[in-house]
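Per-chain residue numbering starts at 1, and chain names A, B, C and D are given in the order in which the chains are listed.
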Amino acid sequence: MCRWLAYSGAPILMEELLYKPRNSLVVQSLHSQLGAETTNGDGFGVGWYGTSDTPGVFRSTEPAWNDRNLRELAGQIVSPRVLAHIRASTGSPVQQTNCHPFRHGRWLWMHNGYVADLRTVRRDLAMEVDPALFPEIEGTTDTELLFFLALTYGLEADPPAAVARAVGFVEATGRRHGVEFPIQMTVVTTDGETTWAFRYSSEGRSRSLFHSVDVSTLREQYPDNPTLSLASDDARLVVSEPLGDLRGAWREVPESSCVTISGGQDEIRSFTPTVPSMAA
Amino acid sequence: MCRWLAYSGAPILMEELLYKPRNSLVVQSLHSQLGAETTNGDGFGVGWYGTSDTPGVFRSTEPAWNDRNLRELAGQIVSPRVLAHIRASTGSPVQQTNCHPFRHGRWLWMHNGYVADLRTVRRDLAMEVDPALFPEIEGTTDTELLFFLALTYGLEADPPAAVARAVGFVEATGRRHGVEFPIQMTVVTTDGETTWAFRYSSEGRSRSLFHSVDVSTLREQYPDNPTLSLASDDARLVVSEPLGDLRGAWREVPESSCVTISGGQDEIRSFTPTVPSMAA
Amino acid sequence: MCRWLAYSGAPILMEELLYKPRNSLVVQSLHSQLGAETTNGDGFGVGWYGTSDTPGVFRSTEPAWNDRNLRELAGQIVSPRVLAHIRASTGSPVQQTNCHPFRHGRWLWMHNGYVADLRTVRRDLAMEVDPALFPEIEGTTDTELLFFLALTYGLEADPPAAVARAVGFVEATGRRHGVEFPIQMTVVTTDGETTWAFRYSSEGRSRSLFHSVDVSTLREQYPDNPTLSLASDDARLVVSEPLGDLRGAWREVPESSCVTISGGQDEIRSFTPTVPSMAA
Amino acid sequence: MCRWLAYSGAPILMEELLYKPRNSLVVQSLHSQLGAETTNGDGFGVGWYGTSDTPGVFRSTEPAWNDRNLRELAGQIVSPRVLAHIRASTGSPVQQTNCHPFRHGRWLWMHNGYVADLRTVRRDLAMEVDPALFPEIEGTTDTELLFFLALTYGLEADPPAAVARAVGFVEATGRRHGVEFPIQMTVVTTDGETTWAFRYSSEGRSRSLFHSVDVSTLREQYPDNPTLSLASDDARLVVSEPLGDLRGAWREVPESSCVTISGGQDEIRSFTPTVPSMAA
């Protein structure tokens, strides 16, 4: 069911995020520790912000541990904001257009989890997407539909509110079709300036999500650690599972909450889906 | 804009259809003679009927001229009914789920042409598909949507009528959105027993389509031709462009018509889209 | 480090071998039980004999658990002799030309294991290959080199002797370069009539290998088992690990031995590498 | 038979080289003007120098005109030295390890042309490669062998001399096997500081090769051309065929010559293969 990471801070060589850590995302693609499946070999994607108007996205169906082009890019690209994802498909085909992150303008979106009984609810979700946005849907994942619902509900203006409405619509739709626990998710989205991460599931037993603690705090704890001395004060990571085992470096994101990371600050608020006014 | 072929007759080694002819489909993938684009390297697909309940389908995004697995299969598989297609994308991504033939139960479907302004009309077409069938849509091509509209309108019971309704709906939808010539097509579909091929376009200038003449007629004309002596009397081919240049072997399928091939018999009837009663 | 199976017997639908068993090869591609690595997602290959002069080979770098084309072929192709392999690379690139089985004329060849320190010994092995055969080498695996050494030493005339010489040459070369345990292998090869499987390693701790016992014996043991009633009397399987857990159905192939399967008979003999006369 | 380009000058967005020109390399992949084949869809590769020790390389077997990842990278990566290549295979398999550019340390290498009768001469060429370098050979192209021969003969110390010896060895080997015209080539190689391009063929009828003239000269000719005003004074391109049709912008590289580009200077000298002392 996927693993992902979202970095923001001083520009960093992508390799530091994707390959160097002991439990890096590439290691997790072969043997993750905490995921629903240990192997996440159904594709890989990375998005990064640079000097262009929109972020770059590299997506591939090659399992990440094999992908030479990924290793090449990671060894060359330096960026202040990187989203990366390894996929374990929950049913939809393995193809580039079904890999995360998904992009719309300057926005990127990734997800770990699923919309339950997608076959049953898919048409209803697709029909709710703003007709002006509908033609941009390229794949067949629940993730992409969720993204386009959030865009429909104003993601670009107020992400937490839009995601709350999107999740609320998915839950209302699912329940209308007799699905008990319609959604399971950790989601991350960013516009290149701020990053929002969400952890929520209908059943209240969400996939794992962690965020890194303040680097300067860690530096006091581990004054001799070279990695910490190199990291910028405003470096922040949100991850499906910790990239290493430095004690105190990672904090679990609580159930039903949203982490907002802006500059070097992060803020956690509770997250509740909004029940749509029209449930049909 | 693709090239395709449909064979029915005595079981034949796939290689005879795909590689042996002078202007075989694989040759056409690199340099077709009559297509809108000469190169058709955006994927390949072949469907064939054997002893299983449903036809087998092999689809690949490798350009056909390179594809070793295709050559291997073609050298091993013998079948009495084969549909094959080489793709030149009209915009949708190059991925396996966007390669023809598409399949539903025992039915296969292929297309050369396009639905004009797909971005504009796509949502309307998708919404018209029977909700019970909608979850089966895996790709983002106009071809697949057309197939599912035909299935919605009863393809399995009366193919010419269903295709007429589907094309009529596409034209009505297109015109409602200000599209002057909404559809361009040669289409072939089969259930493993009968094959129906259609040639139609809103503008009346359709992509090329040819069908082979009766083999025994040809044998009288060319008594020394070894290929002809090998072909079964009921062998029939419908093709985007002739596979070779034997004079008299190919006849153009007229504009606005449907060829029905059953056993060794073929019948050509005129084809007219049916205007839907509810045009909104 | 790969898993493989080799079937001979009455013609069987490939799906019965690749997908149906509880611990099928496709299941093993995601989670094998006994392999050096549990995931074998670095490619897949299957070879089968039919009516053509040479066997067909389908090889793909898609992980087997994802590969739709594989599932399609398996659901259509019936063959009396099938070799299939899932790959976990020991260093050489993941590409079609590095997938097993390898083919030469009517011969197929697969391997689980490795030639130690391949970088060091590769040139010596390549130079020992018959110059007339050398141009046929398409990849960069130790497996393919081992195959071409065996062909050089007369595989087509006397397989056990040729393989013994090839292994002997690899061990002599390795030791000359200071490699303590130059080779680790289970190998299977066939010409479409007879199948030979080998289990050997320099260290004497070879990868696992099992062969199926006589089906009629099993039928007496399990008179109600439907699978057994379907299998032909001469059906034989040699596998890296058992496909199911029916007690008594599988016997381990001993260290340093060669199994010869012809018709419904199998014979086990000891296998010893032949030290080449010229060790330089 | 491939098309390529080599750029050096002020850092430039890769997109300006690969997509913007009227007859860009991506346009040439579908329809080249001057190549031996018009379609070059057998793979793509690009190498670029950045802040890392070694250049990055992205290689893909997707035809360039389809490759979304390529478009993404091109839209993000800025580099002062870029080598790019589109492939039309002369026989060896289409796989990532057979795409150009090839890399060794800081060196990149690309080629348009062929070594005649490769099957016949391949073993001799492979045996001549320095045994210490041999294990690095990953593919099966004549291009890669030529590169490793040049490395064997001291490419890193004196490129023109090393390439002259490599070509001389290929010609001597070919003639020994009765090949009349053993080699056909345009080759480019760089170490990130200087770029050397060669045009030579045994028959004296080499594939096309052009180099751009001094930008400031062009600016005087075309004072209103925006592209020229943007290009840096030291910008230099060497290409298989012109990227656009600005008159006077391109000069043909003469037969049997070598262009050396360093800083903003280029120098053309004659190129003659060196006959090896030991011709057996």
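Going forward, a contact is a pair of C-beta atoms (placed from the backbone, for glycine too) under 8 Å apart; a residue touches a chain by one contact, two chains touch by 3 or more.
Here the structure is a predicted model, which means the values were calculated and not measured.
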item	value
Topological distance between chain A and chain C, in contact steps	1
Selected pair, greater C-beta contact count between B-D and B-C	B-C
Centroid spacing, where centroids are CA-atom means, of chain B and chain D in whole angstrom	41
Of all residues in chain D, the ones touching two or more other chains	68, 93, 96
Sites on chain A touched by chain C in the complex	30-31, 39, 41-42, 61-63, 66, 68, 89, 93-94
Chain B to chain A touching residues, read off their complex	93, 95-97, 118-120, 122-123, 126-127, 131, 134-135, 137-140
Residue ranges of chain D touching chain A (in the complex, touch as defined)	48, 50-52, 54, 56-60, 68-69, 72-73, 75-78, 96
